[in-house]
Amino acid sequence: MEKYIFYILSVIIIAFAVASVSSRKMLRSVIYLLFVLCGIAGIYFLIDYNFLAAIQLTVYAGGIIVLIIFSVLLVHHIEMELEMAKPLRKVLTGLLCLLGLGVFLYTIYNNDFNVVENNVTTSTADIGAKLLSYDAGGFILPFEVISLLLLASMIGAIVIAKGRKLNDKNNEAL
Amino acid sequence: MNISYTILIPLIPLAVFLLLGLNSKRIKPAISGYIGVLGLSVSAVLSFYTAYQYFFVSGKVDGVYQTFVNKSVWMNFTETLHIDMGVLIDPISIMMLIVVSIVSLMVHIYSRGYMKGDDGYTRFFSYLSLFTFSMYGLVLATNLFQIYIFWELVGVSSFLLIGYYYTKPSAVSAAKKAFIVTRFADLGFLIGILIMGYFTGTYDFETLNNPEGAVILNWASTSFMGLSVITWALLLIFIGGAGKSAMFPLHIWLPDAMEGPTPVSALIHAATMVVAGVYLVARLFPMFYFVEHGFALNVVAYVGAFSSLFAAIIAITQTDIKRVLAFSTMSQIGYMMLALGVSGYDGHEGVGYMASMFHLFTHAMFKALLFLGAGSVIHAVHSNYLKDMGGLRKYMPITNITFLIAALAISGVPPFAGFWSKDEILVAAFEHNKLIYYVGVFVAGLTAFYMFRVYFGIFWGKEKQYEHAPHESPLSMTGPLIVLAILSAVGGFIPFSELITPDRIGFEAHLNYPLAAIATGVGLIGIVLAWVFYKKENSLSDKYALAFGPFYRWASDKFYIDEIYLFITKKIIFKHISAPIAKFDKKYVDGTMEGIGNKTVLISKAIKGIQSGKVQDYAFSFVMGAVIIALVFIYLWTN
Amino acid sequence: MDILTLFIIVPIITVIALVFSKGLERARVVSMIGSFIQLGMAINLLFAYLREIKVNSDIMVFTKDVVWFKNFNIHYNIGVDGISVALILLTAIVVLAGVFISWKMKELPKEFFISLIVLSLGVYGVFISIDLFTLFVFFEIAVIPMYLLIGIWGSGPREYSAMKLTLMLMGASAILLVGILGIYFNSNADGGALTFNILEIAKVNIPIEAQKLFFPFVFIGFAVISALFPFHTWSPDGHASAPTAVSMLHAGVLMKLGGYGVFRIAMFLLPEGALHWSWFFIILAAIGVVYGAFSAIRQTDLKFINAYASVSHLGLVLFALLTLNKIAWNGAIIQSLSHGLLTALFFALIGMIYGRTHTRDIRKLGGMMKILPFIGAIYVITGLAYLGLPGFSGFVAEMNIFVGAFQENSDTFNRILTILVVSSIVVTSVYILRLVGKIMMGPLETNDVNDLPKATWFEKTGILLLMIPVIGIGVAPFWLSEMIMKSLEPFIQGVL
Amino acid sequence: MIAGISIYEILTVTSILFFIGIYGFITRKNLISVLISIELILNASVVNFVVINKYLYPDMLQGVIFSIFIIAVAAAETALAVSIIINLYRQISSVEVKDTEIMKY
């Protein structure tokens, strides 16, 4: 059963990923991305990382996609057709990607993974404890760093998005 | 004999030149004329004094005229090879000093009248002084290099004086032509000097000319293409002389040089500068005579004889009186060359040398007179052409008489000066080379004919319509004419053979009556023919001109030598050497350099795209690089 | 302060003063004072040198040695001999004359004078350096301002010309650097330390193979700036586009660096290489002499004519150097001086004519003598001096070269080339007289130029500054040639 | 663990996803599309972290925690990118990659 679900998810991910990068309509492209992200969340569910799946859905599908959609709506007409790259470029890039993929797969399939059969379930509490742990192997420092980063990026995003024009207006007001 | 004061002879004109040249705008014309004449008078007096001292007081030791030298080093090359500056006093340099002094002084005086009212009056006198300085320097030179230096300076003063009317295109091109042709000849001279300097190790005339000296004794030591290198050097030096002296085929500048003011023609292109070539050969006469048994001297003789004949023929056909005189000058200089060429060295053998110098002297007098007379005529009628003249004897009696004297002198009618010198030349030629003798006699006849053609054409014949009645020139112009006429009349009685000989000993010259009679007879025939043709206006001359047909036309077009030169310079050098070089330079040499530059630009343009600033291109390259590196690693690890 | 370093310090001070001076008036006065001091120092140096050599028999006097880069043994090592003294004097004269000629520079005068002074700094530096590397650095300092001077203040296709000139000279510098490094890495052939010091390298027997290998690099590297055929093409364009003072400095001084470098480095340090290669380069030099002269005949732009004439005259310098003969070398140095002065004069006069008539096309000029008597007279005199008239410096130089080229160690091959080269004096007279005849003499070409402004006091001063040494050398060459000959002694010994 | 699915298959899928992302990154002409492609690439790597954690080291949580960090960074990154895009759009009225080339000067 899980096997088939995985295959279905894989097909969804790959198909929508392809659709996402080849669609000429911006909004659709974003929506296809949403499906890809949801598919990935599905994979997380499958391998029993429910917390991760939840984050994937809330942060990615909920936050990032919404952000992108907003930006699309702000800068585009919905029906606007996108300019596409030259065919030669596409072909070359495609070939390059296939070659790269070949390299990857060759490497992966030639690598003997030391797979441990298991059925461990990871609870959210474990993850939380690990994240906030001061002990050896704890992630409190990166956690703080990330939080600072998020704060900084939030401020940065606001400042950048405000742009010059507001400043100009202020100057005019003064 | 103390000769240290002689250095003043050239330096005074130099001072005058600097004074007038630097202040040409500030000095009033009248004053500048006086300064010029005064300065030159001092030089002339000094020259005469030197001549007197040398010839009659202290020049002779044991019956041989000595050489006095006073020099200092100007530039060192090696221990032995250096350029000196100084004065050299010997018979021929003194003779030349006298010639230059007399003619230059006369011309200075004459110019005060002739150039009156001209814009560049002061400039003219400064140029004249420059020329006189250079000529004195040339005459007094102690070595080959010094003579070359002043040789160039006379060339440039000649250039400046020919181009004196510098707004006239014909004058400018004549000046250029004179300078370039003579400079081309000087190229030969310079190479000759270089060869001579290297193979003999000296430039000094005394060392070179010593008949017992190492140079003359060892002439055969090195040879090149069958001739001794010294002979080559002499021939090359002679090319320089031939250029200045307008010998065939380097004569083309001389007729054109008549574009200059007439006094200049008289001074430079008749009496002094053009005989510099003769002087140069005479200066090196022992070398010419002894080296390779006189091979070079023979060349001189034949070139002289040919030029003499060639110029005389052309002179008959010219209608511009100054050009007739110019070709006559060329012919007479050819005569002098011929005389040098047939001369021997010892005792009476040296009669050719003596005659040449003698003729140089007398010719300077009567040719200067002819030119100044012609100038006087031109001044009166404002034209150079015979067709605009005629019957002037009534208006210009003094000019008429003096011109006649000069014409008689050049035609070799006794007892005028030309007769004596010409006779000596013919004697020398008769004794050494019959062919040249016949040429000489023939030329003597031609000379008489064309001279009297001009004379009759100007002063006799039909009176022309003159714009305003011609009048005799002022005293400042007729005075020099009279002085020169007197000299032309009596100059032949100077005992040259006792003063100037190759071996410096002197001999008793005597008339060779049969030869003198033949020469005089031929001259008289020429005069009579001219009388018949040109005394009265008649059609005889045209008839004979027609009879000669193409030959006459060739002669009147100067045998197309000018055209050949033009062809060579314009068509060959300018068009087929210079222009292609300029084009080659632009197209290939520059093109190659440009090409390198352009290729660099192209290459940089081609690779500029790599650094496009497009993130996606970078990403592409990055991925490609990563993949390639991965492939390399895989390849390395799996094998 | 030692007498030579002042030649570096004074220009720097002048430049600093210029930075703080505003406007044309002050800038030109400051640069004039600076150049005057330089000229005074140069004259002082000349006399000091003449005194010094009486008591000091070293090759170079007034030497000073300060370590600069210890690792590579680079020193700030300076000193002069008679040749450098003469060339320094030339530079001082030409720079001062150039300042006078630029008296009315309108655009960015301050920057112009700064570049000019920096250029002169580089030139002085080259002439006083004994250290190869220092010399190279100064060489580059002299070349770089050229780009700005032509590119900013030039006329016509100035950017093109400036680019071409700079690129070709830089290319040459690259080649030169290879040569210099080649010498440097062979300077320990006798076991000592690697050194850039010219005097020390001269004592070392650099392996013959290395000499043969590196001589062409050094020679070409320097000869390009002396417009060696076929690397001369930057010169006509560069001169034509450059402003007057820059043409003067360039042709007058900068192009002399080539001959100087060939002499001081290529010939002195690589004598075997010189012997081995001279036959080849002498052909190029001889071609350059004749070729430049013939090219000049066909040009119609005054500056092009002079540029090609420079190719011809500097070809003569290289030719003389390659004959490997003391007299010819003496001639080469004098020719450098003479050509420097005369070309500077020529370019100054061309600048004056151009400033008045706004054309350099000889077809459009004529009869200038009538309306500009002073300039006309000087032009004719300069022309005559240029074609080697006795009484001017050109004659002295040419005669030394020709006589030298005929002396002992030359063979038939050299002599035939010499005769070829001698014939260039005729061609030179053809183009000079054509020029003089066309633009100075003859009828006036246009009627509306009847009242051109006469020469001003600063123009006259500039011209007289250049004219006096020309005549001085021409009339009394003995003292100069004595001084140079004496300095040549140690150099010629290496070659013979 | 997914029953019947080996690690190879999952890695294959993520590799494909990764290269689709790269393809998109290189070929798309629009800044937002480029951003989407970056998300694809990030996701592919996140899945890899997770999967390798699960299959090879089930007792540890590093992979998971790293994934969380990556998601956080991606969110921050997207927020900044979007704000830049919006600002850019205001300045030059375009979000085409080719129009932003002027930034290289």
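Order as written gives the chain letters A, B, C and D; numbering starts at 1 within each chain.
The criterion applied here is as follows: a contact is a pair of C-beta atoms (placed from the backbone, for glycine too) under 8 Å apart; a residue touches a chain by one contact, two chains touch by 3 or more.
Predicted, not measured: the structure shown is a model, and the values here were computed from it.
> Work out per-chain C-alpha centres and flag the one nearest the whole-protein C-alpha centre.
It is chain C that sits nearest the middle.
> Report the inter-centroid distance (CA atoms only) between subunit B and subunit C in whole Å.
37
> With centres defined as the mean C-alpha position, give me the subunit A-subunit B separation in Å.
Chain centroid spacing, subunit A to subunit B, equals 102 Å.
> How big is the gap, in whole Å, between where the Cα atoms of subunit A centre and where those of subunit D centre?
Chain centres of subunit A and subunit D, defined by C-alpha means, are spaced 5 Å apart.
> Where the CA atoms of subunit B average out and where those of subunit D average out, how many Å apart are those spots?
Those two chain centres are 98 Å apart.
> Give the residues of subunit B touching no fewer than two other chains, as numbers and ranges.
Touching at least two other chains: 620, 623.
> So which stretches of subunit C touch two or more other chains?
In subunit C, no residue touches two or more other chains.
> If I count partner chains per residue in subunit D, which residues reach a count of at least 2?
In subunit D, residues 22, 26-27 touch at least two other chains, as defined above.
> Run through the chains and report each pair that touches.
The set of touching chain pairs is A-B, A-D, B-C, B-D.
> Sort out for me which residues of subunit B touch subunit A in the complex.
Touch residues, subunit B against subunit A: 620, 623-624, 626-627, 630-631, 634.
> For subunit C, which residues are in contact with subunit B within the complex?
Contacts found on subunit C: 164, 167-168, 229-234, 291, 294-295, 297-299, 327, 367, 369-370, 373, 384, 387-391, 395-396, 399-400, 402-404, 406-407, 418-419, 422-423, 425-426, 429-430, 433-434, 437, 440-444, 477-478, 481-482, 485.
> Could you please specify the touching residues of subunit D with respect to subunit B in the complex?
22, 25-27, 34, 97-98, 101, 103-105
> So in the complex, the part of subunit B that touches subunit D is made up of which residues?
Contact set of subunit B toward subunit D: 612-616, 619-620, 623.
> Could you pull out which subunit D residues touch subunit A in their complex?
Going by the criterion above, the answer is residues 1-13, 15-24, 26-30, 32-33, 35-37, 39-40, 43, 46-47, 50-51, 54-59, 61, 64-65, 67-69, 71-80, 82-87, 89-91, 95-96.
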